[in-house]
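These are the structures in question, set out in turn.
The same chain A turns up in both complexes below, where it pairs with chain B and then with chain C.
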Partner chain A sequence: MASHPCEEPDDVQARAEHRAIERRTFLKQAGAVAGLAAAAGWAALAPARWPLSLRDRDGERAKPKPRTLNLPAGGFALESLAAAKLGVARGTDIPKMLRGAIEAIGGLNRFVRTGDVVLVKPNVAFERPAVLGATTNPEVLAALVQLVYEAGAKEVRVVDNPIESPESCFHRSGIYQAAVDTKARVYLPVSGDFETLNVAGATWIENWPFFWRPFQGVDKVIGVAPVKDHNLCRASMTTKNWYGLLGGRRNQFHQDIHGIIADLAFMMRPTFVVLDGTRVLHRCGPTGGNLSDVREGRTIVASTDSLAADAFGWQDLLQRGDEALPNYFALAAARGLGNPDWHALPLREVRVG
Partner chain B sequence: MSSPQKKDDRLFVRDGRRSYRRSYSLTEFRLGLGVVVVLVLITAWILWKGAHSDPALFAASVGNDAPAASGPADRGPLPPSLAAPGWHERTLAWFDATNLYVKINGREDYYKSFGFQRLGFVSLVQDADTTRIVDVEFFDQGSAANALGAQSGERSPEQGVQVGASGFINASTNAMFMTHGRYYVRAIGADTTAATRAQLDHVGRVLAAHLPSEPLPWAYALFAGQLGIDPGRVAFMPENAFSFGFARDVYAARLEDSEIFVVAAPTEAAAKELAQRFEKGFADLADDVRTASGVRWARDRYLATLAGVVTDGRWLIGVRGAPDVARGRAALDGLRAGLRALPSEVIDRAFAKPVATQPGPGEGTAEAGPGAVSGKDLPPASEPAYPEER
Partner chain C sequence: MMAPVRWVNLKPNRDGTPWYARTFRITSIRIAAQVFFFAWFVFLLWTTWFGRLGGYPVSLFLEVDPLVGFATALSTHSVYRWLWRGLFVLVPTLVLGRVFCNWMCPYGTLHQFIGWLVNIRANKDNIDKNRYRPIFQFKYYVLAIMLVLAAFGSLQIGLLDPICLLVRTFTTTFQPASDLAATQIGAMMAERGLDSRWIAWLSSAPAASEQRVFNGAWFVGLLIIGLVGMNLVIPRFFCRVLCPLGAFLGWLSRFALWRIDRDLTKCTDCNLCLKHCEGAADPQAALRKSECFVCFNCIDDCPEDALSFKLTPVPVHARIVGKIKEGTATLFGRRVISKIPETVVARPAVPRRRWILAMVVGVLGYPFLRLSRAVNTRGFSGKCIRPPGSVMEPEFLERCIKCDMCINVCPTNVLQPAGLAESGLEGLWTPIMDFSVGFCQLNCTLCSEVCPTGAIQKTSLERKLGLKEYAEAGPIRLGTAFFDQGRCLPWAMETPCVVCEEVCPVSPKAIGTYDEEITRWDGTKVLLNKPYMRPELCIGCGICERECPVVDSAAVYVTAVGESRSKDRSLLLGSVQQDQKT
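The block that comes next holds the complex of A and B.
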């Protein structure tokens, strides 16, 4: 290092040491900057699967992922399908018929415990008066809610997700008034009530918006569905009833209506189901509109096997025993979700006048 | 205090942290605390209200029976009002192919298979009793043939029709179903009272007077005009007739013991080719196929009835459900004779253009030109307008 002739040796040494410090500082700073640049480059450009990569070319990674939820393993069923029974009640006194049908499969106390929160799922799909048979008979719903409270339930929730104007559908069908009169709590869907439900193994609805809010804290689930003709799947009964818990653009499933119904059976294992055969919409379903398309059925069916209940409804109430069952029966039965051969189930039939 | 050496070692903030505010006032603290308390209270109130919603809010939204807003909303081809005196309309809503499912849900495909264009829906409410409601579903099916096809598919086999100038009406105790040109109207009441029936009748009269007319499809001149079949027994299947994917634009009529059908093919070769496809289709469902009286008859394996087709020029004519060869042959011969007796103008209309290309709204009305078939040309139906309650 050249020095100035007038510099003292101590000054020269001090200047040399200062330069060394500056170089060291520079190297540290340069190294830090280079390290930061390398880290930033890695995070931005490394392939997405590499560790610590934040690469997101299409923005999908940055989107918040909806949380997915699951129904309880085994659903809400208390017994295996192998132990299922079929209870059939005929008559005109709806409360007695309902009690008779449920007694025939073991009685409500077998299914509902004191303090249970019970969710009841009727069909409220259309803005139609009850006499047109497109929705669950409100008298059947009222009788069911009363029976459930008699069995000691703490709360009964009445739930459905009609596509158009839930308030109007609940009101025109009489379901809202029946629920209010029997102290049930009605859940009308709003967009924030839906969560993504994971149904591992389902074909169409492995991850699909589901009307989740009313299911929180629920102990038992009972479906109560009318008997209806359906122009796509030929019949709409207890298995298809769970369609009303789905959200999203569920109309797209009409392209594979039998597949989606089988998926619904996979999604929901209810405590038991009630097939409301007090009226039968035997033509022009599922919407109906003409009273001449509705006939009196005077029957209520209860079972822990939805497929068996539906098969009974197909043959006995829709009177289509000479036709093959709709395809969804075979699809669901192949997955062990019920037994369409209702004759094989222990059946008890009662007449209540 | 850091030494010069340590300050030099620091890479970024060379002058260390510095607090720019070394004190705050107690008043500010108290005000901030107050704000936090208010926010907590608001949050708690919101949560409580959500769990205890006012039922009156629900009743207000459903029972909102205010008459529809005045002013020219989009009423399309509908008259200014469908409400009879003593009734009023609620808000009219329109649905097209993209959102028809919202109103019709699982039945939307049925109307779409008949050329659905759009649906107008309005509820009519009685002033004196707001629980008495008539829902009017106004379907634009794109053509008279499609509208009649949709109506016939929803009518029970034993229900007859009343013939109007431009379509048909069939009624039940609570509802009225009518076609008028390209439109199919379903007016559905919730009860069977005289007041509801009067409103249903009013809807039918107002629409028949207001909507543009179209001639009936040519096949009514054949089945009803020539063969004397009740027009209520005539059906139009624009696609997938008899569950055959190739079978389009098929007109059929139910006889007492069988069903006859006809297709206007564009050429003789096309008619022959279509006949072969029908024969194969029927054979696939048969347990026995044999030729008799010049027709290849397939016996349905489940129903044990016969089906067969023949061609006559560009016509394909057929019969299903015939009990035996003799009656099947007679049905075919009668159909062939009826076709040959048709006026040339009707025949021209049959082969004029596909049903799906009828003019849309605003593109000009379908004038009743030569060969047009009007309801006035058809024998009157014997069914009353509304069935008596049983």
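The block that comes next holds the complex of A and C.
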């Protein structure tokens, strides 16, 4: 290279320094290239069990891992079904009737201990005023929550997954206000609240989305359901009430509704159930919508055997004793989930108010 | 004696003004007002949900929008319910100019804030970007076209009215996004055993059983990203170029009593007033009254104190003695420093021929829109099912501003912004019911409560259900349900079902069943309840369609025919007479 006349003579030292900088830059850049290539190679190619490896040979690695949960073995029942009793209270004073019915099966102190967390499951499936009989009577719910608190419960949770929009159902039915007034905690279902429940041995719902969040830490479960006509399964009472604990594609249940209700009885062994016969939706169920579909029942039933309570409701409240019981009674009874022959149970009937 | 307060510097400014002149400037008060109104706007939308409604005027911002009141008055010759509240903005505009744009408008605030956030321009570039450009006339054409259409009975202001646009954007994009965030964060917290109940405050639809979805949300989202993004190119692009409300207020502001005035004896033509000029209103020369947002930044920025907000300042052009070019000009005995003697342009800079051109476009636009098939009595879309209480379709299009408040409040998510297929361009983003998403809840009339313009008339529950004095008129019918027997499980697949009958909310039920015991292909006996419609009982609520297990294309589905708001779209003999009584 010809040197320009006014250029400084070649400075050997400066040139060497510059070359050192060039070398350093090269080493840095080459190091970065090698490092990034190695990291990418590691993540993509290192065996799956090595740390920081992302390798997925067969496509299994990225699939969501199903998580299933189980309810406690034996459910939330305290006594065997063989010892079940039926308590029936007639009258008009709802708190007294409820107390009477529960005392008839041994009193609440037998079922609820001090410090218990108690989950109460009313039927709030539809957005209807309580007088239309499509939902649990809020007065019955309020009386029940109060009794449970009196028995020493630490917390009472009121839980349902309605068919229509949950907030509207809880408000319109009066259940929300009743729960708030009695200081129960209301759980409205949102999408993150459901986990897959494993019910080993169930016919249809062996693994089904379950309204799990409110069940965390629960000691006792009490169902409180109205007496309703139902075209498909013919009657919806305390056993079908557990429908409201499930999520997912519930609209498939109707393809074998009797099998499903038997599965529901299999899934949930409650501490006890209350059949709210203060109003009876005797036709156009389960939604109703007309006062002429409802008649006064003036009855509250309590039992640890939901099949017996429902069978009593079928005969005494729906007044369908001359018809055969819906098929789900036999299906559930065959699995030892209760006794539809309620006459066989020790029955105590009380009159109050 | 009080101890000296240390955290506030109470020394006077260098120019002798007291210390509080630094912070208690009119622009600080303006920013506080903007924050207040934006927060109020967000709060009112946030509270628009079943569990949060507490008598708040949730549609307030739409009601005080005077363009909504004016345009619906043009299209319906009436001022519905709360739309008189437009006076709250109209009167201040007539007195002070376009104060709404830079003091109250939440969309303007959004643009200003984002523009400020991304502004990395040098001062000189800012001054250039804030000069008036002819494209800023465009909003007046938009306004003229929309008002002509409104006069013909096609209300289109909602496409670009900033309040409608922002309510719609919150409803279909921002709020569902925040619901999604609430669900995800809540799930993560719950997994770690933390109490996640408070996270419901982040959600706009707490206790909605499923994440709400909205038809065409992507487009509404893209639109707001595009419009807000345009601040990078032209500051306040939407406000200066597109906003029909801004154009309306700009047109009105020529009457305004107060305006920014420039003192020619102080102004050195330095152009620093343009540095933060929001409206591009030329405060450095002849102030364009119609463009000025009254943000007061120019007064703040003026180093010579030449600008002020004055009551009816009169142009001083004619009072100048001497020649400006030669530097001999004086005004009332004081030397004129500025080289620009004009101080105001009162009207929008739109030539009369262009006003006429825009109106002609509106005149042509009406038949173009209306003769498209979707909105007419013949060939209307069966999917165009309007919410309960809606007026007849032509009147609906006179009233609906596409604000989507009804869609925001709907507890079941059944109300969806219409796409082009259901309602044409004329009915774009108007509410329709999509029963694959939700259903019309029997005892709910919330959409009719929040509708600011009466497209959905305020409807009592008695009216909706046909109770008491409405017993003779009967319930409001949204449409009629039909069975697709080829897809229905009991009809076509030997499988029991009738979810539709179970959930049918009317009494007696509008769905009956033919009960039949059959022997299935595998020899088992099964009782099938084959459903059928009783059309005179069906109210078209769509819960049957929503709950049908054939979820992709339901075996029972509702279409608009039989809707009680329209005689032309009735189905059954005798139902027309009923309509005439209502």
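Simple rule for what comes next: the second predicted complex is superposed on the first by the 291 of 353 C-alpha atoms of A that agree within 3 Å, B and C clash if a C-alpha of one lies under 4 Å from a C-alpha of the other, contacts with A are read in each partner's own complex, and residues count from 1 in each chain.
Here is the rule we go by: a contact is a pair of C-beta atoms (placed from the backbone, for glycine too) under 8 Å apart; a residue touches a chain by one contact, two chains touch by 3 or more.
If you're wondering where the values come from, they're calculated on a predicted model, not measured in any experiment.
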| item | value |
| --- | --- |
| Simultaneous placement of chain C and chain B on chain A, clash or fit | clash |
| Touching partner for A:161 - first (chain B), second (chain C), both, neither | second |
| Which of chain B and chain C A:264 touches, first, second, both or neither | neither |
| Partner chain in contact with A:246 - chain B first, chain C second, else both or neither | neither |
| Which of chain B and chain C A:28 touches, first, second, both or neither | first |
| Partner chain in contact with A:290 - chain B first, chain C second, else both or neither | both |
| Which of chain B and chain C A:171 touches, first, second, both or neither | both |
| Which superposed partner A:131 touches (first chain B, second chain C, both, neither) | first |
| Which of chain B and chain C A:227 touches, first, second, both or neither | neither |
| Contacts of A:120 with chain B and chain C, given as first, second, both or neither | neither |
| Listed stretches 130-138, 382-390 or 418-426 of chain C, narrowed to the one that overlaps chain B | 382-390 |
| Chain C-contacting residues of chain A that also contact chain B | 126-129, 163-164, 167-168, 171-172, 188, 230-232, 251, 254, 257, 284, 286-287, 289-290, 293 |
| Chain A residues touching chain C - in the complex, by the definition given at the top | 126-129, 161, 163-168, 171-172, 188-192, 213, 230-232, 249, 251-252, 254-257, 284, 286-290, 293 |
| Complex interface listing, chain C residues touching chain A | 50-51, 183, 186-187, 190, 206-211, 411-412, 439, 441-444, 489, 495-499, 501-509, 513, 529, 543, 547-549, 551 |
| Parts of chain B lying in touch with chain A, wherever the complex brings them together | 8-9, 11, 55, 58, 61-63, 101-110, 133, 135, 137, 154, 156, 159, 172-175, 177, 186, 188, 190-192, 387 |
| Of chain A, residues touching chain B in the complex | 21, 25, 28-29, 32, 125-129, 131-132, 163-164, 167-168, 170-172, 176, 180, 188, 230-233, 236, 251, 254, 257, 283-287, 289-293 |
